[in-house]
Amino acid sequence: MTGHYLVLSAILFTIGGIGVLIRRNAIVVFMCVELMLNATNLAFVSFARMHGSLDGQIIAFFVMVVAAAEVVVGLAIIMTIFRSRKSSSVDDANLLKY
Amino acid sequence: MLTALIAIPAVGALLVALLPKGRDALAKQVALGVTLVVAVLSIVMAVQFDPNGKRFQFTEKYWWIKQFGVHYAVGVDGVALVLILLSTILVPLVVLASWNDADRSGGVDAPPKRSVKTYFALLLALEAMMVGVFAATDVFLFYVFFEAMLIPVYFIIGSYGGPQRSYAAVKFLLYSLFGGLLMLAAVIGLYVVSANAGHGTFLFDELRAPEILHHISPTTAKWLFLGFFIAFAIKAPLVPFHTWLPDAAGQAPAGAAVLIVGVLDKVGTFGMLRFCLELFPGASKWFTPVVLTLSVIGIVYGAVLAIGQVDIKRLIAYTSVSHFGFITLGIFAMTSSGQSGATLYMVNHGFSTGALFLLAGFMISRRGSARIDAYGGVQKVAPLLAGTFLVAGLSGLSLPGLSSFVSEFMVLVGTFSRYKVPAVIATVGIILAAIYILWMYQRTMNGPTAEAVKGMKDLSKRELIVVAPIIAIIVALGFYPKPVLDAINPSVKQTLIQVHQQDPKPTVAEKGSHQ
Amino acid sequence: MSTVYMAAGDIPTPHIEYGRLAPVLIVLGAACVGVLVEALAPRAQRYGLQVLVSVVGLVAAFAWTIALGIGDQPHHVAAMGAVGVDGPTLFIQGTILVLALMSMLLIAERTNGDSPFTAQASTVPGSPEERESLVAGLVQTEIYPLVLFAVGGMLIFPAANDLLTMFVALEVMSLPLYLLCGLARRRRLLSQEAAVKYFLLGAFSSAFFLYGTALLYGFAGSVRLSDIAAAISKQGGTEPLLLAGVALLSVGLLFKMGAAPFQAWKPDVYQGAPTALTALMASCTLVAAVGGVLRVFYVGLETLRWDWRPMMWAVAILTMLVGAIVAITQTDVKRMLAYSSIAHGGFLLTGVIATNKAGLSSTLFYLAAYGFTTVGAFAVITMVRDAGGEAGHLSRWAGLGKRQPLVAGTFAFFLLAFAGIPLTSGFTGKFAVFQAAMAGGAMPLVIVGVVSSAIAAFFYVRVIVLMFFSEPLADGPSVAFSPTTAAAVAVGAFVTLVLGVIPGPALHLAQSAANQLFVR
Amino acid sequence: MTTMNAVLAAGGPELHPQAAEGVQSVAWLLIALPLAGAAILLLSGRRTDKWGHLLGTAMSLGAFVVGVLAFFQMLGQHADGRSRLVHLFPFISAGSLKVDMNLLVDPLSISFVLLITGVGSLIHIYSIGYMSHDPDRRRFFAYLNLFVAAMLLLVLADNYVGLYIGWEGVGLASYLLIGFWQHKPSAATAAKKAFIVNRVGDFGLSVAIMVMFATFGSLSYQDVFGQASQASQGTITAIGLLLLLGACGKSAQLPLQSWLLDAMEGPTPVSALIHAATMVTAGVYLIVRSHAIYELSPDARLLVTIVGVATLLAGAIIGCAKDDIKKALAGSTMSQIGYMVLAAGLGRPGYVFAIAHLIAHGFFKAGMFLGAGSVMHAMNDDVNMRKFGGLRKVMPITFATFGLGYLAIIGFPGLSGWWTKDGIIDAAFEKGGTSGQILGWLALIGAGITAYYMSRLMFMTFFGEPRWDEDVHPHESPKVMTVPLILLAIGSVAGGAFLILGDRFAKFLAPVVGEPEASHRLITPYTAIVFALMVVGVGLAYVQYLRRPVPRTAPAGNPAVTFARKDLYGDALNESLLMRPGQWLTRLTVFFDNRGVDGVVNGLAAFIGGTSGRVRRVQTGFVRSYALSMFVGAALVVGALFLVRI
């Protein structure tokens, strides 16, 4: 039973990862990262159930809080660069290279 | 004593560096004074040295980095003693010789004036490290001096050298650094091996003890040997690691070139004799054929290259490649006359090539070109310059009666008694030496006086004071090398015992013993 | 199901050893005070107050760390086992605090009233608002609490004894840094770009870290490092869960220290971020990240070392080579130092891989040595300025040695230390890690290390050539002198020299710190 | 083996010299005096210009006096005790290699000492006049003194190292003196050539010394010769051949002859002293001194004789074709040394004649060279004999002395050349067998050619119509030059008889080279043939150069003449076989070093730089590609961990 959840979590993580790779909009990229974090949460909760311990669930809460904080910081950063460049495409921010 | 020899120039370097701007004359005087003091002290030390006493004398030993097992340990045996003397005698002369070099940096393109005091501070720092590297009896300490020495030289070449100076400086540094880092790996390996043997140490005396030697597996010993050897071969330089030398010596100001070729490179051959042979006797013997081959190639190859040069300083540098072939040949022949000869060669080569570089430098600074074809007939306008140049050159081609002959002779005789063919091929070097020296002399000094050298001045008093002692030493050691040999021989004997090699018996005597 | 949930009474009251955690708490507390100052103090006094609070906080935390270190043999867990207070941790924390203090000197630097940070981050670069804010002489003072928070996170990161704490610490350390990266006063577009890149990749990597944590949790039923270690030795290390977990966790950790192939962010971020902050990241963040790596691999995964060693070998080799080789063709000073930092990460990994006491102590020493040198080097970079800010491009440095011999000489000294020339701390550090690696049987690694040192020497030397052996530019950069920066440079140079000439005491400290390894 | 031991036992050389006493114990003065002279003159600079030449001459004379005293002391000693050792100082010592700087005063060395200091002093005196107009006269005398010192060390050393030092020392002096007028490119080139060709010979000598050390463990004559019989035949032959190579270089024997003709670029007294009387005979000394080696190796001896004969013919042929008076004399020198080498290679009976001819040659050839110098002095330094002629009237003393030398060299009965050369030819035939016959006849033919070319020289210079340039006004040279000429002429006339009559010289040298089995026959079956050939040679020259007018420019000759004029194509051979390939090799090596060895280093650097340039392109600046690299990296890390499991 937990196995299925784990597979789902892995699929979600991968989708998130691939999303980071293929999407251009910074916000969407960031959302994909969030998706990965949530996939992790799913894994934690499933493992908590598997092991019969509370820890996993508690960790999930921690992750959510951290993710929220990350959103704040992330959006702030993306906002400033959007204001400077009038674009939120990550491919446009390409001054630093080689 | 040794610490003083290291510390005095080091402090002197600081002192000179901290002098206020514009006190160039004072900087020069301080530098000269300090180096003279060091020279006198080292001579005092040499006098007190007892050739028949313990191998290492004037020893000092303190913990330096206990965590690594590193000591500050210094001491001299005969070999180190004569090399230290070589350095301490050459440095004041170099200081005097380059009195005005930093002022106008005499190259062809006459780069703008550079800091004079820095030049002399760097020279002093270099002297401290040169003494240190020969005096160190702790492998780690040796390595530290070995590498740290590069920095002042690098800055001297790079800041005060000829038009190609930065290329030469970088090449010099990277080449040496590469070798040094390989050696670092070997130094660490050596420590680890000694630690596995129960007592991790960097002390030379302990590392050469049988307990540790027998603990090194032959394969490991070969790798460690290579680590040390390649570093020394680059430093020496042995073909095919030699290409940095012509560039470095050719671009460096003459005074620094003297120290690079005269002293710095000796660290390589000194290291082979002291560390490669004594720490890895088995591996040394295993690698002997390779080293001998490289040496012989170096002798002939360096000489042929020297013949083909058009730049005086590069030519002298290539002659050194050839001469270093002789030195390594003598070291790895593993006979007492070969090794004593090689050590003596280090000293003699330092003086004779030093004199050549200095005189070439004097000449180049007058004419502003290092190309041979820029000269001609200098003898007519500057007979003293030409005469001393000839003497130095003749020593370079090992003319009997001048110092190099004795050492070259010893090396060849010593080598021949064990390895016939290399010795015979090496002897071809004496013919080639005559060609490169005399041809250069003919092209620069003989013939009709070239238009551009018509107004050339002969040696000044200062320059004469620089050259005269070297010439005197060259002649004196040519006829009476005994004092130096007396100091060297006991050390070499130790080395030979360590590598379990005895001089081959004369074939006649051998036959007699068989009967 | 009901058995799973414990009764409320079973949950013990958390016991927190405030004394042992004090350094972290002091720093975080100072950060909070900073926030309050920002909220309450009048604008004119904020700068002074913030600097005061930061410095006092850092100094106090450092003092306390020392007190902890000399008090008793530190080998405890605190906060219900979530945090380890032991020799290596205290050494790392102490190092971070000192380096942070030095970086703080750079961050607080004001030449002619100019801070290296933008006045108002919200203004669009080049806009009238920006100009206005500049004219008004506004100063960003939020940076101080942000830095302190980041430092707090760094202090916890290597101390964290379970992966959750470590994750939280990672984020506490990273989030302020993301923000700070984007706050440069000059070249704001670059700065913002750096922030975005750092942020996205950082978040991406923390997802890996977290998923790895989840898998390990699945394997061991706990995120506590000691439990994971126990589970590994009990069940053997065959579980795919375990291996996948270790791999993903490693990705997160290696990303933070910028090991190849996770190094891509480093050059861009180091180049784009305000230099003072780059100094902080290149020193403190690296120390913290390596501290975390040490703890995870020495405590949690020590029993699994035969499995992860080959992988780490490969990473170390790749890191050293990539760092050294790519740096050769760099044209921007900061970017070059970023690659140099990558290469140094590789050298550090050779110490980590040794997994013995010598490896630990040598890595600790290397961290400290490298940290001081790198802060000093970046401090010099902040001083060399063109009309448009720092003279980043290397060609602008040509002939600096003739016009500013002291500054150029000091920088050359730092570069030589990076290159590992004897009588500098860089050499001692390199020697220490190589010796440990060699003793651990990692001969090939040492050889690669040696070769890449030789390659790396090339670009250090190139800069020296440029500074000393090239003719000065007619309109060359000038040197902006400020006492705080000069102090940072002086401290860096002094420590670099001392650790090179008489490294004994520092080595002794690192050794006694590493004497008991990490607490479990 | 046993036969050889028997040979040694029969009349072996004295192997255990005693310590020297009396004047002989200060034999080092012989070397020290001229050496001090050289040092003073070189170091003092222009201050000693005024009296430098006098000091130099005094030093040389002083050495001569010491030599004479030592000689008379030796005469007073018993024949078995005439080898005396003078201990000076330990020179080299390392392990088993011990070389002491000792001098050996024995009949052989004292003969050379007298020749060197005697003829040397005369030439010093002559040079006072000859060089009186040269601004660098002081330097000239310094070099002459240096030469004398080195040459004395060469012959006085009691070991091969000392000999080698002297050997190279005279080479240096020769180099300096040939190139004395170094502003002349031809002189500088000739000097360099002489030194380098000599170095080729020195190569042989060096290796010989190495072989000796490896074989005998010592380099003193005493040890080497004492143990020579114990060494293998191959070793002994090798040593003999290597020593021969050394001798060829110094004595301008084939194939290392080419330098001697060029060496005539030096001032004429130098040609007389170094390139006729003394230095070039060092090779003969070396062979005679090492006779203990050669006596054990018939093969080596045979090659020595072949070299000798080949050179005596080659030198004679060259001498026939030269119009340059000094070069003609130089060819003659080569040829005469060829005789000596031939004699030295013949063994026991030959040694005495080799040395005797050497001494006689020292007198007459030095005399002729100085005479040539006197002629050149008169002819504004012209050397082309085609522009001489009829000088016997204006330069009577020069003519007379030169004429006596001429008669001596062509072997006019009674004069010194006759005594010694006949002895050599006789010894060659005495050798027996086919080889003896061949050697003997070739030596005979050589004598005929000698007569021809010397007569040619004599006639072209002193007889016939004057063919002088317009501005030339010949005159006799001053006394300071003619007196040495006269003294040398006396030696040329009487030297041979003095030495050979009554086996005087043979007995004197016996302690060193052994007693000849039979005393020398004054009249041999070949005397008549030699005389006949001499007459033919003189007659031919008379017909060609006295009966017919001599053209002022050399007529184009047939190929044979060209062959001789071009020194038997020796230089051409050297150039095409050694110099050009050498130059190519050098260029190739330089190219290889720059492109190959250095190229590898620079290429490696460029490769790393190139790699860097490519790898940095991976850093595209796109955050998504960074993420991709992380993603791939993560996959690799996972893969790596699982891979280890498998």
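Here the chain labels run A, B, C and D in written order, and each chain numbers its own residues starting at 1.
In this section, contacts are C-beta pairs under 8 Å (C-beta built on N, C-alpha and C of every residue); 3 or more make two chains touch, one makes a residue touch a chain.
Just so we're clear, the structure is a prediction, and the values are computed from it rather than from any experiment.
A.B. asks: Nearest chain to the global Cα centroid?
C.D. replies: Centre-most chain by C-alpha means: B.
A.B. asks: Of every pair of chains, which is linked by the largest number of C-beta contacts?
C.D. replies: Result: the chain pair B-D has the most contacts.
A.B. asks: At what distance in angstrom does the C-alpha mean of chain C lie from that of chain B?
C.D. replies: 44
A.B. asks: Between chain A and chain D, what is the separation of their C-alpha centroids in Å?
C.D. replies: Centres of chain A and chain D (C-alpha means) sit 96 Å apart.
A.B. asks: Taking each chain's centre as the mean of its CA atoms, how far is chain A from chain C in angstrom?
C.D. replies: Whole-Å distance between the two chain centres: 25.
A.B. asks: Using the average of all C-alpha atoms in each chain as its centre, how far is it in Å between chain A and chain B?
C.D. replies: Roughly 65 Å, centre to centre.
A.B. asks: Pull out every residue in chain C that's touching 2 or more other chains.
C.D. replies: Correct list: 196-197, 200, 204, 267-268, 458.
A.B. asks: Enumerate the residues of chain A that touch no fewer than two other chains.
C.D. replies: 17, 20, 29, 90, 93-97 - these are the residues of chain A that touch more than one other chain.
A.B. asks: Enumerate the residues of chain D that touch no fewer than two other chains.
C.D. replies: 605, 616, 619, 621, 623, 627, in rising order.
A.B. asks: Identify every two-chain combination in which the chains touch.
C.D. replies: A-C, A-D, B-C, B-D, C-D
A.B. asks: In the complex of these two chains, what residues of chain B are touching chain D?
C.D. replies: Touch list, chain B to chain D: 171, 174-175, 239-240, 242-243, 301, 304-305, 307-309, 335-337, 339-341, 377, 379-380, 387, 394, 399-401, 405-406, 409-410, 412-414, 416-417, 420, 423-424, 427-428, 430-431, 434-435, 438-439, 441-442, 445-449, 479-482, 485, 488-489, 492-493, 496, 503-509, 511-512.
A.B. asks: Enumerate the contact residues on chain D facing chain B in the complex.
C.D. replies: Residues 42, 89-97, 101, 161, 164-169, 172, 175, 179, 182-185, 187-189, 191-192, 195-196, 199-200, 202-203, 206-207, 209-211, 213-218, 227, 230-232, 235, 582, 585-587, 589-590, 593, 597-598, 600-601, 605.
A.B. asks: For chain C, which residues are in contact with chain B within the complex?
C.D. replies: So the residues of chain C touching chain B come out as 402, 405, 416, 419-423, 427-428, 431-432, 434-435, 438-439, 443, 446-447, 450-451, 453-454, 457-458, 461-462, 464-465, 468-471, 502-504, 507-508, 511.
A.B. asks: Going by the contact rule set out above, which residues of chain C touch chain D in the complex?
C.D. replies: Residue positions touching the partner: 196-197, 200-201, 204-205, 208, 238, 240, 243-244, 246-248, 250-251, 254-255, 260-262, 264-265, 267-268, 306-308, 310-311, 314-315, 322, 325-330, 455, 458.
A.B. asks: Report the residues of chain A in contact with chain C in the complex, numbered from low to high.
C.D. replies: Against chain C, chain A makes touches at 6, 9, 13, 16-17, 20, 26, 29-30, 33, 36-37, 39-40, 43-44, 46-47, 50-56, 59, 62-63, 66, 69-70, 73-74, 76-78, 80-81, 83-85, 90, 93-97.
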